[in-house]
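Chain IDs A, B and C follow the sequence of writing; residue 1 opens each chain.
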Amino acid sequence: MALLEVRALVKRFGGLVAVNDVDLDVEAGEIRGIIGPNGAGKTTLFNLISGALKPTSGTIRFDGKTVSGRKPSQIARAGLVRTFQRNAMFPTYSVLDNVMLARHTQKKANLFKAILGTDRKDEERNLLRAREIIGFLDLSEFADELARNLSHGHQRILGIANALAVEPKLIMLDEPVAGMNPTETAMVTGHLRRLRDEWNMTVILVEHDMRTVMETCDYISVLNFGEKLMEGDPGQVSRDRRVIEAYLGSEEIDL
Amino acid sequence: MLIQTIANSVVAGSVYAIIAVGLAMAFGVMKMANFAHGEFFMAGAYVVYVFYALLGWPFPAAVLMAVPIVGAMGIATERLIFRPTRDNVMAGFMATAGLAFILQVLVGQTWGVGLMRSVPTPYMGAMDIFGAKIGWQRVLVLPSAVLMLSALWFFLYRVKAGKALRACAQDPEMARLQGIRINRMTMLAMAISGASAGLAGALMAPIHPVTPYMGHGVILTAFIIVVMGGMESIAGAVLAAFLLGIVHTFVTTLSDAVTAQMVGVACMALVLIVRPQGLLGRVKA
Amino acid sequence: MIAILALASAAPFLARAYSVEVLILFMINLILVCSYRIPTMTGDWSLSHVVMMGVGAYATALLSKWWDLSILLTVPLSAVVAALVGFILVTPLIRTRGFGFFIASFALGEFVRLCWVKFRDPFGGPRGMIGIPSGELGGIDFFEPVPYYFFVLVFAFASLLVMYRIDRSRIGRTFKAIYTDAELAESVGIDVPRYRALAFATGAFFAGIAGSLLAHRLGAVDPKNFDVTTMVYLIIWIVVGGTSTFWGPIFGLTVMSVVFEWSRPLLEWRPLLFGGILIFFLVFLPGGLESLFGKIRERFFARKPPAKGSPGSSAT
């Protein structure tokens, strides 16, 4: 059984069918790319899986439980965490505080414990883990820096750190290397591979940048006009005529 | 009895519509509401009091005077309060709460606080509709509302400035790119908003107790309507105004005015639970 | 902290009877203004907060008149009632955000207030209720201002302490995170509506304490005491002080209380002054007086390299 199972997913906006009958199986420990030309329904699919949008029909099962129709926060606590295209961080908090905030979901906050200060043990454990996550993503030297003072690349990586703080089984990244220079891009893709190899993390990558997808992903699903066009490993996808035509029909592609 | 209540509902709905449309439109363009909207209504009533009851002008002339005077107050509010606080939604709204205080004090100190000002009814007698009696003063509200709403519709859909105003309400960024000057538009919106509140107050002056604090009850009703209608939807505000007019009138007839207000608030809470975007509000994509 | 407490304890013996009354009201307002900050931490500016205070006051009136409960019980019970009513009100409110929340909370608050006006039994109708006992404890009659002042002081101190702990706790930080970026907070598993409801109900709880203490002092409750005019005064305090730190509202209340006492000779013109102050602050100093301190600190300590953002700067 796959970690994430999407079955016959449909999303309509009025008369427009943004996602039409999409099936998707993502296995634990893989890096899955989801690509497609502009307007193919990538973002809608992303928002459906993360719970920001409710599907018109179809089901999404994650880790054996049905999550379609749940609130984003519930899905996040179930272990499926998304990042944003924009810089997803709390700008006026330090890097460490950002990750600590995101860790609040680890235990239900209890008003009385919080007032009495008896949740200190949890907080210490959280702090240790937060430092570990920051260390893993090479952000340790900025731990006490305010998030808004970081470079663009580091802010995006902090977004990933915030997602990891929830202790997810699967993280879903929305164009994580958009607007990055090659060095920063390499840094991010390196982190993603290490996450898969060392933490056995499952990653879904919705990305525009073809090179990143081809170099990083184990398996790729291609969307076009809201439907799944094909699936395969990077080699198969880059050779597929339908994929090339879909992209040629809309924009330049650099395979 | 039933016909009487229905007729009263239509009159109440018309007044509510005139008041709420201005609030909804200002909200659409500026994403800010004017807490002193009720005080603008009060100002309209005092304009009629001064020109008609004190200076002895003809009633229609006094009512028409309320339009430029309260409209100018709207423009002043836009320039002095809303424009400097544009990037902070809450600040503009709270500042107009301060404005409400100021207007209450100024009016109260000029014309007295305690007693209500009596504005004699210019049109005596009542009209007879299928056995229902409605005072001419109230009947007058209906054509005024129709006239004002159609003028507004004509302006928004047929006149260039009105079209620009609608574009601005839908997407300020896009409107700016098309060369529409946002400052002009917010000023225009507030002028219309103030003028409509003033007009409503002026029309109601002879049949509504005129006091410096008469805005209190008005603002609550206006807010309920705007929330029910969908915040920035003008059509939604008109629809909600007539719905609330019916609810208020029927409950007032069957029970009392306090209960009517309570039922009105309950209707709003119901709309929020069932349809948070309001009756005719759009869902943000 | 100890110095302030000592000063607060000595105050009633240095002041005249009238001033002790003013000090009692100040302490009650202190609880109120701090409790109002809790929901604003999540970005929810409610216009029904003084109505929540009213719920506490009416609860006290009913509890002490019907069941003759001791003041030690009426105060916490009234707070619980206020929190419960707050929880019921916030359920539809949660669906609105920002502006809609402001307006809808106003309407729902009015609903509660109209209930008091409408139902003569038990709420006494438009004139409210009178004859609420001042309370007594161990033979000390709280009709006397000085003992009651100490009673209020204890509650004010305890309430502020708890609210300070909430501000510093991870729940407080979660509230602020929701204010900063609700969408991101939701994505990292924070149940945003639940926390907003919690903030609102917690604020209502402490507002209930303030209302209860007020009811015992005045001996009467009146629906007009909790109308939107009172609410605007509360907003003035908090706007003048600022909301980003725990101390802002306290500071704002202190300054405006002094202004209020000074402006007594203005009589009916006073709302004009306060309205003007509100507009002035919102237009020229939207961060309140506390932001002024921040600016001063920046100017004088800017020479030090601002390399390390201090971990304590998490307060937004």
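We take it that a residue touches a chain if its C-beta (ideal position, glycine included) is under 8 Å from a C-beta of that chain, and two chains touch if they have at least 3 such contacts.
All values reported here derive from a predicted model rather than from experimental measurement.
A simple rule picks the central chain: find each chain's mean C-alpha point, then take the one closest to the mean of all protein C-alpha atoms, which gives C. Using mean Cα coordinates as chain centres, the one most removed from chain B is A. Computed centre separation for the pair chain A/chain B is 48 angstrom, with centres defined by C-alpha atoms.
Chain B and chain C have Cα centroids lying 32 Å from one another. Chain A and chain C have centres, each the mean of its CA atoms, that are 41 Å apart. Taken together, the chain A residues at the contact with chain C in this complex read 50, 71-74, 76-77, 81-84, 88-94, 96-97, 100-102, 104-105, 109, 111, 114-117, 119, 123, 144-146, 149, 162-163, 165-166.
Taken together, the chain C residues at the contact with chain B in this complex read 45, 92-93, 95-96, 98-100, 102-104, 106-108, 110-111, 114-115, 117-118, 227-229, 232, 235-236, 239, 268-269, 271-272, 274-279, 282-283, 286. Residue ranges of chain C in contact with chain A, taken from their complex: 162, 165-166, 169-174, 177, 180-181, 183-192, 198, 202, 308-311, 313-314, 316.
Of all residues in chain B, only 27, 31-33, 80-81, 84-85, 88-95, 97-102, 104-106, 108-109, 113, 216, 220, 223-224, 226-227, 231, 256, 258-259, 261-262, 265-266, 268-269, 272-273, 276 touch chain C in the complex they form.
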